[in-house]
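Working notes, beginning with the structure itself.
Labels A, B, C, D, E and F are assigned to the chains in the order they are written; within every chain, residues are numbered from 1.
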Amino acid sequence: MELLFALTIGVLTSSGVYLLLRARTFPVVVGLTLLSYAVNLFLFSTGRLATGGQPIIGSTASYSDPLPQALVLTAIVIGFAMTAFVVVLSLRNLADNDDDHVDGHQGEDNETQLTREKEVTGK
Amino acid sequence: MNHWLTAPILIPLLGGILQVFMGYAPISLRRTIAIATTVLLLVSTIVLLVLASDDGYRLYAFGNWQPPFGIVLVLDRLAALMLILTAILALFCHLFAIGGADEGNRQFHALFLFQLMGLNIAFLTGDLFNLFVAFEVLLIASYGLLMHGGGTARTVPGLHYVVLNLIGSAVFLISVGMIYSVTGTLNMADLAVKIPRIQGESLNLVKAGGMMLLVVFALKAALIPLCFWLPKAYAKATAPVAALFAVMTKVGIYAILRVYLLVFGDDAGELANLGMDWLFPLALITLTMGVIGALGADNLKTLVAWQVIISVGTLLAPIALGSEAGISAALFYLLSTTWTVAGLFLVAELVANQRGTAGDRIITAPKMRNRTFLSVLFLIGAVAAAGLPPLSGFFAKLLILKSTTPGPEMAWLWSVILIGSFFTVIAYSRAGSIVFWRTVEGHIEKPEPLGGNVSVAAGALVALSVIIVALAGPISDYTDATAAQLFNPDGYLQILEAPVVSEDK
Amino acid sequence: MSLPLVVLLPFLGAIAAPLFAQGGRTAIAIASSVPALIALAALFPHWQTLADGGVVLHSFEWLPALGISLSFRLDGLSLLFALLILIIGLLIILYARYYLKAKENVGKFYALLLCFKGSMLGIVLSSNLLLMMIFWELTSLTSFLLISFWTHKQDARRGARMALAVTGGGGLALLAGILLIGNIVGSFELDDVLAAGDLIKAHSLYPVALTLVLLGAFTKSAQFPFHFWLPHAMQAPTPVSAYLHSATMVKAGVFLMARLYPALAGTEQWFYMVSFTGMATLLLGAYTAMFKHDLKGLLAHSTVSHLGLITLLFGMGTKLAAVAAVFHVINHATFKASLFMAAGIIDHETGTRDMRRINGLWRYMPHTATLAMVAASSMAGVPLLNGFLSKEMFFAESLELNLPGLLAWLPPVIATLAGIFAVAYSARFIHDVFFNGKPVDLPIYPPHEPPRYMKIPVEILAFACIMVGIFPAVSVGPLLYAAASATLGGDVPEYHLTIAHGFNLPLLMSFVAFFGGLLMYSQRQRFFDFHARFKEIDEKAVFEAVVSRVVAKAQALTAWIENGSLQRYALWLVISVVAVSFVPLANLGIFVGENGLSPVDWPTGLAAAVLGICALATAAFHRDRFYALILLSVVGLVVALAFARFSAPDLAMTQLSVEVVTIVLLMLALYYMPSWTPIETTTPRRVRDVVIALIAGGGMTLVTLAMLTQPFTSISDFFLANSKPGGGGTNVVNVILVDFRGFDTLGEITVLAIAALGIYAMLKNTALTPPPGDGQGHAWSRDGHPLMLKLIARPMLPLALMVSVYIFLRGHNLPGGGFIAGLITSVALILQYIASGMIWTQDRVRFKYHNVIGLGLLFAVIAGAGSLAFNYPFLTSTFGYITWPVVGKFEVASAMIFDLGVYLTVIGATLLALVSIGRLSPHSAIKSKKEGA
Amino acid sequence: MLDRLSFPQPWLSLILFLTWQLLSEGVSGGSVVMGIVLAWAIPQITHGFWPERPAFISPWRMPAYLLRVIKDIIVASFQVAKLILSPRQPRPVFVCYPLELEHPLAISILASTISLTPGTVSADISDDNKLLLVHALDAASDEEVIDAIRTRYEKPLLEMFQ
Amino acid sequence: MSQLAEYTICFLLLLGGAFTLVGAIGLARLPDFFTRLHGPTKATTLGVGAIMLSSVIYFSSQGESIGISEILITVFLFMTAPVSANILAKAAMHIGVKTAENTEGQPWEQ
Amino acid sequence: MIDTVLYLTIGMVTLAALLNVYRLIKGPDAPDRVLALDTLYINAIALIILLGITLGTRMYLESALLIAVMGFVGTVALAKYLKRGSVIE
């Protein structure tokens, strides 16, 4: 079971990292989400794997470690907030640069800068 | 249990909540209340500074749970120093912001105050996972602040900043998990107790976890090769935000100091001084890269942004060497550089406002209306930043140079810092002489008048470098004591035995 | 107290002087003189002590940690320099009064000049090396500002920057040197350092320290190869040049050598470094001076040459040479200051400094001419003038050097050669300017004598040249003795200050130099022709070019490394993580701990397979974005199942709800985005990314495997044991969230709130044009709100609220809680938005989401702060059981209020975020109407 | 003011009350009190979101209808299962079903019923609520489908709503 | 646990599992989108219903408490499944997915 | 006996889930994928219930309820996106 779990986390991480390295905002966001799944599973598993050991007092004979669960809960919420923000940021990027490339429009910066330079010096 | 410890967290939190409710209140009212909050915060940090000056550790156990089970705040000299550093910085940035930079976004003050809350939690917390939460609070607020204001230029740098930090957060969680999975605890003091006892294969896990944690902190601190998100992001941010961000990299440095001295300190057995051998060369390369960037900067804000990276390198090098004197020196430098850099960001903004379309770019432009005032501010800031006498930067660097002991590290550190200073001087003199002295005929149609608030804020931050010199004695005494306290973590470990209010809860 | 005062006064004056700027130039000049006068008066009482070889020390503690103390020291050497600084400073103030034009910023000028003066005094009077260092760099800074006083002149700015770069840079080297010395000696106090000369010289770091210190001295004193900044600093107003380059700035380096003479001199290294640098500078300066057509340029190069001479004298290492050096410092200051001022007058009156145009001024300004000729003669070393005396001593000393072999000839020959050049350029200064035909095309014609008082400083200095030249023993004897004694540490050799020592070899050298020089001048055209064959190097242009190259290289390097590519930064981050954890993980290997592996049941295996397949498919098919989104949903679903499978019902619920909200969010965004991701990276790069990703994943696998199979104990037993008795709940996870680690949760909901506020703010003024149809070319359907969906959505809201209340209330004891309840309510509301549209729903939402967020946070804080009233820490929870009739016994816990805060914040934040995006849609014409969010 | 204290949607309140009893695992004094409170409070908040009042004319016919539907579901599920597992290709049909019902809720219920009962899925309702597009998995002809729907489901619904 | 309850549970479980599987087979096997739509809306829903019912009986017979919240889930599923099917069909018609060749009649063009 | 039957049932449901994943990956059209996802949600409900029975605990029932709600909203949102583009308008 442990090996299976570890492999799953590994696969999630690999997929996430690969997508993180893409050039468009959307895959990056998807990659971040995958990575956060991997991280959450990992963090969760730091309390070790248990079956039917839900940490509800009185519901079972032995309990799994509740602390990582609480931590993961916090991490999920924070991850959600962050994902929401980065999604919106990528929308903003799209609106501002008319492109969903993670670096905005490449090469345009220099051009506008040149024109502005001319405006300032005036001659 | 001293409730003052929560003040730097609760004051901005409540202030922020108030701002959320007041989204549609008149701007003057919002400003007044926001500034009042920041002033209150400053007052509370002064109280804490006084409290911390007795070399004791003060514990605040949230929920009245005995550490390591509950979350604790721990006040020591280092925390108090960081708190007051931030509070002073925040006050002036805020003062600058209400000069007009806060318009166009009703949430500005709320975000600003939440950011302070996050910073203060980070400085006070004694719990590794809570440190993560604090990081997230301050990061998400900083994302919001970074995107504050109009303009499309900040979107892409903002995106980079956010995405990289999100990856960083993931790594943070992984490393916390790795450490927890072996030690079974999150409280830093408890970790410091447990880590030296680790044996066998678990050691590798904790080691990998600790190293990854260092990467996270290095990302926040903007250490090479993780620093390239910074210059553009800071340079494009609104001035008071960029100025406030001067302290953001210091959070990473604070975290390194806190965690790596306490948890992976000299007493950590096989894991003692984990990662410090990586840190030193990287710090020097960071410094070098910062100088190169500063030399190549084509506008003032970018120049200052690279200065942030220079200070990171300068700070981390002595920290990595890990001598008590070095850390005291680094703390002194931290104080000086944070305020100076922030002041320079504000000055750059004032300059940009008076140069029309030229903005803060290092090109010829019509003469500024308040050239003398601004050039004096810039001069003071540049001198302090470059580390020339008689301002604080010089004394700080002097302390750092003096703190090293002869050996190859000293040779490296000295040459990099001094040669770096040399090129920084060239960069600043070049930028300053072009921006302030090389003017063309004509004048800007409608130069923005120089507001009172903004002048005071920028002036005060820059002038702090003078005040640091005047108070150099007491300040260096304080940093010495702080470093001594950091090197004697036994006191910190005592918090584990500290009693909570009463047991019969 | 008087010594710190002497240093402080000019700075105070600098603050005060601009206040007098309104009163005109005379007022400010008088005001600016006051500090110097007081300082002179303050120094006077110490004379007797010093003449007796004593030392005056005033010391105050300042920064013991740094080794900096405010200690000042007055001995013969510092007195000599202080007097030069103060007296020549006074003359300069007077001179500048007439030199500057009324419309110029005299306030700034005098303030800077006084600052500079204070810094110089600081250097010479400091008894602490670090304190001296501070003043040292201050002179670099203030001189930078003085040289660039005429900021509108490009040459002035460039010259200033060059001076700052060279002297400031040298200062940094000096700093390192001083720190090394301090490190060796253990103190930065001059007394200790001077006393520890042997210790220093024997130390292994001595060569390094010496080099660094000399680097500082040489840059400041414009020694070869750092001499180039000085001539370009001539762009400064003449009073500044006169001051900086005769008595002060450039003498600082010389002073440093004199000051540290006992500590550093007397070794081979010292000898070779100093004397050869001096020789080179001496010759080069003298040679170059010859060919300068600019009056001030000639003087500047001559200054370089004379500084070389002084340096050479110090380098020789003999005591007499040191005396001669000190003597020449005095002499050079007097004649060079007066020459500069004379040059300034000529410039002032003719409007040019070009010697090819200025000719025959004798007829127009005989008085000035006389003064200049006296000074120039002194510079040339004509007998009866002070320059002659020190030069004679120099010649004598050059003969004393015991260099091996043929090298023994070098110093005297070079000395003589330099003497010849000196005579030649002095002759040129006299002949070319005041005689040699008529002026050519002067901007101001006819020139005439300057204002009376402008000449007074020159007169005084010329008079001094003569007095010292004729009555050396009487005029400067005691001062020189005191200074030499201080330099040499009290061990002054026998010397005689007389005009003539009889005919000897030095005198012969003087003669050779004198007549050789005249001969050379008479044949100058040949030399000019010869010199013209070499390409003139404009150091300023070179410097600028170098700086530009450096800047360009820095820019290129920065652009190359910081190329604005997120992909690269992210890659670096990932690689960093992999790199730092590589060694420990490699040591770990495929490690299975002592707990071993537990068996896999095949449904779980299949579910894991689903997860893995979908995760890989997400990566593989990410270019079809909608597809990727669906795959992502599956991954999220299976992750939730995994949480449930491994005993975390709370997590499963949270994961599920969050996942749906995330998917909705992503779809909202996807609407505006292209539905396909283009291929942009090359195959090798993709392969590289795959490799990196696999390594990262492999690392995670190793870590997880090792971790899961290791036994461990954690602090959680405490939570399990205290959850019910201490926290009043049986759901331990929930009790941890709202009680044990409630502070985390407070931070977490703050994050949520901030994110929503940030999103709202970010989208406030964002305009996005949605595509007219989907990626396959179908236009969007017109039917926004299908009937069945609308109808099913109606009862969903009350039912979901009901369920929320249920989940919320049981949360403390059973899986659930405020967060999940909040998400359920949010999702039900989102369903309303989806089913019935923005306008419809927004009309029915009777609160602002901002306020919901605020209220939520407020509840959480209030719940936490309640305990403060009972002097319990923040977030201390309490609970009790109440029995009501009919209702029966039920639990009331303060943590519930906290959880209510969580509930409200989640609703407010989620909806604010989603609605903010939804509002971008062109269908929702709600922007102006009822700003519900 | 009195209006605010009343039960704006009594049926909903009743359902909510019953649901609460279901959720709270056993009827007790507490659950009744809480149920009443919620049954009152929730409609207060949400009644704006349910503007159309369900016009049940004869609700007592509902249980019978439900029973029939459940029976049909079970019976026909087996038919569909057989169809799916048999190698024979099904003969799918799109049927336009002319509606006699007018009330949107009734149409919705009919559509749901059609979807739930095997072999047919209501794919769409026309914009004017006159036609229902039904997709039958395996049917001989349009009429067969239309007749079945008309007699089994629409008739009872018409009785209930008109 | 009574024998009867046990048999009932087993029967329901098997029934539920079978229907779920059949629904999935239908989804995998049937020729076009509209025919596939039938699988989950009926077979699967019924399958889950059966499993749910077995759970109710199981926990009731365990004597813990009468577990009725499963019924809520079932009702919910039965209410929502047609709606999902409806809007999915609408989406499919909108996009114009191919129908099986032997389909009589046409989907609407919207 | 129950244990064996449970095991068998879980097997069947899991197999069903795999078939659904097959359809999800195969497509061919977006609606097919959404449909497969919707079915997966329902399978997940079944799995959770079965897990609950296996473990003899009712702690997971609410998760099933939540999957039902969230699955529905998710499907609705995805379908609406396909048809209409903007989910919230």
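The rule is simple: a contact is a pair of C-beta atoms (placed from the backbone, for glycine too) under 8 Å apart; a residue touches a chain by one contact, two chains touch by 3 or more.
Composition by chain, UniProt nomenclature: A = Na(+) H(+) antiporter subunit C; B = Na(+) H(+) antiporter subunit D; C = Na(+) H(+) antiporter subunit A; D = Na(+) H(+) antiporter subunit E; E = Na(+) H(+) antiporter subunit G; F = Na(+) H(+) antiporter subunit F.
Remember, predicted model here, so these are calculated numbers, not experimental data.
**Q** Going by the touch criterion stated earlier, list every chain that contacts chain D and also contacts chain E.
**A** C
**Q** What are the mutual neighbours of chain E and chain F in this structure?
**A** C
**Q** Report which of C-F and C-D is connected by more C-beta pairs in contact.
**A** Output for the comparison: C-F.
**Q** Please name the chain that ends up farthest from chain E once chain centres are defined by their CA atoms averaged.
**A** Of all chains, C has its centre farthest from that of chain E.
**Q** Which integer distance in Å separates the CA centroid of chain A from that of chain F?
**A** Whole-Å distance between the two chain centres: 24.
**Q** Report, in whole Å, the distance between the mean C-alpha point of chain B and the mean C-alpha point of chain C.
**A** Here the centre of chain C sits 17 Å away from the centre of chain B.
**Q** Between chain B and chain E, what is the separation of their C-alpha centroids in Å?
**A** 57
**Q** Can you list the residues of chain C that touch 2 or more other chains?
**A** Each of 564, 566, 570, 574, 629, 645, 649, 668, 670, 700, 703, 707, 712, 714-716, 719, 740-741, 744, 748, 751, 754-755, 758, 762, 774, 781, 783, 786, 788-789, 792, 803, 814-815, 917 in chain C touches at least two other chains.
**Q** Please output the residue numbers of chain B that touch at least 2 other chains, ranges allowed.
**A** 129, 133, 136, 140, 143-144, 147, 156, 159-160, 163, 167, 174, 177-178, 180-181, 186
**Q** Counting only residues that touch at least 2 other chains, which ones in chain F make the list?
**A** 10-11, 15, 17, 30, 34, 56, 59, 62, 65, 69, 76, 80, 82-83
**Q** Which of the chains are touching one another, listed as pairs?
**A** A-B, A-C, A-F, B-C, C-D, C-E, C-F, D-E, E-F
**Q** Show which residues of chain C lie in contact with chain D when the two form their complex.
**A** Where chain C meets chain D, its residues are 783, 786-788, 791-792, 794-795, 797-799, 801-803, 805-806, 832, 841, 843-844, 846, 886-888, 890.
**Q** What residues of chain C sit close enough to touch chain B in their complex?
**A** Residues 62-68, 130, 133-138, 140-141, 144, 148, 151-152, 154, 157, 160-161, 164-165, 168-169, 172-173, 175-176, 179, 182-183, 205, 547, 550-559, 561-562, 564, 566, 569-570, 572-574, 576-577, 580-581, 584-585, 587-588, 591, 593, 700, 703, 706-707, 710, 712-716, 718-719, 722, 726, 739-744, 747-748, 750-751, 753-755, 757-758, 760-762, 764-765, 850-851, 853-854, 857-858, 861, 865, 867-868, 871-878 of chain C touch chain B in their complex.
**Q** Going by the contact rule at the top, pick out the chain F residues touching chain C in the complex.
**A** Counting only chain F, the residues touching chain C are 10-11, 14-15, 17-18, 21, 24-25, 27, 30, 33-34, 37, 40-41, 44, 47-48, 51, 59-60, 62-63, 65-67, 69-71, 73-74, 76-78, 80-89.
**Q** Over in the complex, which chain C residues touch chain A? Could you list them?
**A** Residue positions touching the partner: 564-567, 570-571, 574, 592, 597-601, 604-605, 608, 611-612, 615-616, 618-619, 622-623, 625, 628-629, 632, 635-636, 639, 642-643, 645-651, 654-655, 658, 661-662, 665-666, 668-670, 672-674, 677-678, 680-681, 689-690, 692-694, 696-705, 707-709, 712, 714-716, 719-720, 723-724, 730-733, 736-737, 740-741, 744-745, 748-749, 751-752, 754-756, 758-759, 762-763, 766-768, 813-815, 819, 906, 909, 913, 916-917, 920.
**Q** Quick one: in the complex, what on chain B touches chain A?
**A** Where chain B meets chain A, its residues are 129, 133, 136, 140, 143-144, 147, 152, 155-156, 158-160, 162-163, 166-167, 169-170, 173-174, 176-178, 180-181, 186, 356-358, 361, 363-365, 440, 442.
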